[in-house]
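Below is one structure, written out as structure tokens, with a few remarks after it.
First chain written, first letter: the chains are A, B, C and D, and each begins at residue 1.
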């Protein structure tokens, strides 16, 4: 990386580029759009998030679904991630970025995994179809039944199904199908997920609802995002929830009191004879 | 968690509450709204972010400005934070939440600080006015001149002014004033910031532009957010940018090559006689 | 935290305990030892780390090996993790915990994985032996050959072998065997790893050295630590390296200059006609 | 970073160096020492941590104190940081580096700050003495009294004094003075801290004990480390504690149960009429 004026060796410089954004003294460009004149006041933040990750802006129907995905994943109450964020804020209120980061770090296989796992599972099934053919319902139904049988035979769980609280219907799921239908966007992943749920019920005799995270993963896949990016968007959604929790923590803190109760209780268990 | 065996005392349970969200078997509620019927498909993700942090939904004019703030802070090319995220992804591609978190952790005093510092600085000036009076321009101008003089006399920098690349005008700033004006939202913080820039120029003879981060901080303050939350929203914005960078890293990786070049160059400097 | 209003039930309180440590007004206890009188000045920090994770103090021979593991994993120059830490420090020097955390977050499958993967791989082989029998060399050699053949047939890599820089011998490996031998501690994992390397060479005709991370994983396994904890100790070791890098960054910073070079280079690639 | 073989421009390469460590095909060097032959089996991990951060190895007396500092800061029971780590592990057990990082991110101003704040406070006082003169006790006593008076007059707290649990004596403090005395290492920072405590008591009439974190900060300062590095070592110490907590979490998990209790309790407070 020489700063002086030797000739550009284009072959070896190629790799150090980014299309995400750059600045000149007079302009800021993001994914090829001028920030001040083409984005600010013209594009929503959500549309920009879509554009930054995919390189294209969403249609109106796509944007409705994309926003629905993000709002559905933003918050779930005092989850381990929200608690970790609030506890971290308690220790380092001067560095909010640490509290947000700590909250996101729990967004792994257990709580956010279902979004990506479902996208991956459906993707694996759809990959078996020829690229240029949109599979019809009969084909999807059959492929779903096969995949479910193989997964259950391997002793594995089917991603996207079941929920510890919403045992009959996850309220987000019907809404996803409704919105997708309104926008003419019930894509192959979402349709396939329905067949997967039906095949699971037939195979086990037990009905498990499609959970919101799984439906969100299917919708993101139908919007064209590869599985790892579905987890990225779950993290973006969760960031908004965490900032809400931290806003609340600033006004009605629970972190310090939670710590004191836990610590006192654990101490009592360690030194039972102490007062 | 009662510490002794007294009966459940609502007084000791009060503090463990959250208004951010909770779930029942049939519903998910965020800030009092039913997620499936009132939020999904009806509220944008950005509106929900506003609601989660403030407890109220934004008006249309407020939403335009809020989106403009977020898009203006989402990305700035291969910043230290984007680089840290991409390098972390290189080492742990299976845990995207780590890469996003690492990218956010650099969002501290140097790069994201200006948003919060400006909000804090302006807040400090506006606090001197009686609560029930909206200060007029003359009062703001005078208060700005005082604050600038005191700050410069103390040897401190004025937050919100100057930029290493946009030395004459930061392209985001005029656009903020334009959008605020269109929505009838040029609030006291933004007006005050203008007077601060003018007072700075009078006092030093050197014109420093209002930078985009400072303008964003002023806009967020006028939307009613306290200074620490302005940093929270800068982090939310940056998360979208980081996901864009990670999407690009998956397709056009630079992390590993950057590491190899840096490592080779440092090694050459350590063992000059090695080939 | 009683779930309903039943009287304090010790059964529901049992789970909230920790043996790691607790405090009373007069004492601090860690894993059952009094900190001030039994640990400070009597136990090294490394011995305490061993004790905290395992619940027992190491013998002298075990401590020698454990220290050797940690020093071998502490630093590897300007790795992506060290770079991420230094770049994060550049953005948030007031929050060093963020820089350390960012450096650790890259410690995933690519760079730290080999420690845990090797421990896991060896563990999987040793599990096939009856618990009460220490397998002799003949048995280990045979089991190694089987495992290598199965792994290669499945198209997978053998963990613990090979290194991009130390192509013939990783200098840490012979030293591990030497130290283990001196302390009479060449346990089954380390012996097995040797047979794995030999079996790999026989099977492919190509010699790959046992890498230091793999040897470290084997040593940690022989010290009784389960595979996930081997990654934990790699992280502890790396923390010391990161603090060294941050100490250097404070005196001889490279973060800001690296960012500026990368940013300038990427900008030149984006706007080739700009000066 | 030259892409081809043009001449080395030493001016532009100078800054990209590190003295922390580097590798060649046959050797690994850390701070100038050959890892395999001079460090493994010869230096403890703690000595290496000292060396990496300072560039020199500690004497035996210094090592005793340094180890005492680290063990004293390693763990404090189920602190917010330990809880955040365990909760994060609950969500992402496959990425232990996230759990460790989350635990460290709470190590900010509230819990780890005292180590650095005390070092900084004492440093500020000692800086007023001429560099080549070791201040005697009379001078230190007088300077302590001045600093205490100025700090109290400014309405600020004196760092290093007081503890919410150890209200009379923090058990770590006498042990630090004892160990320092045994090694002939009662340096100016530690002596000054004693005078600060005495001056505080005279000025307010209320005795506050020197807390362990403050004493640790003073000891680290006397070992020659600048204040920011004292926080770095507190983080290193805490990493060992966090790994202990995560080891326990793998065997006796509390994260999921804690989350369920908190969530249930908050839900009851949100929907009081629900069963």
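Convention: a contact is a pair of C-beta atoms (placed from the backbone, for glycine too) under 8 Å apart; a residue touches a chain by one contact, two chains touch by 3 or more.
Here the structure is a predicted model, which is why all the values come from computation and not from measurement.
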Taking each chain's C-alpha mean as its centre, the one farthest from chain B: C
Distance from the mean Cα position of chain C to that of chain B, given in whole angstrom: 36
Chain centre separation (chain C, chain D; CA means) in Å: 22
Approximate Å spacing (C-alpha centroids) for the pair chain A, chain C: 30
Set of chain C residues in contact with two or more other chains: 1, 16-19, 22-24, 77-78, 92-95, 97-98, 101-102, 105-108, 112, 258, 261-263, 266-267
Overall pattern in which the protein chains touch one another (line/ring/star/complete/other): complete
Contacting residues of chain B [partner chain D, same complex]: 1, 13-14, 16-19, 22-24, 29, 92, 94-95, 97-98, 101, 105, 261-271, 274
Chain A-touching residues of chain B, taken from the complex the two chains share: 1, 3, 15-28, 30-31, 34-37, 39-41, 43-46, 48-49, 52-54, 64, 66-68, 70-72, 74-78, 82, 93, 95-98, 100-102, 104-108, 112, 165-169, 171-172, 174-176, 178-179, 182, 212, 226, 228-229, 231-233, 235-237, 239-241, 243-248, 250, 252, 254, 257-258, 261
Footprint of chain C on chain B - complex, ascending: 1-2, 4-5, 7-8, 77-81, 83-84, 87-88, 90-95, 98-99, 101-102, 105-112, 255-256, 258-259, 262-263, 266-267
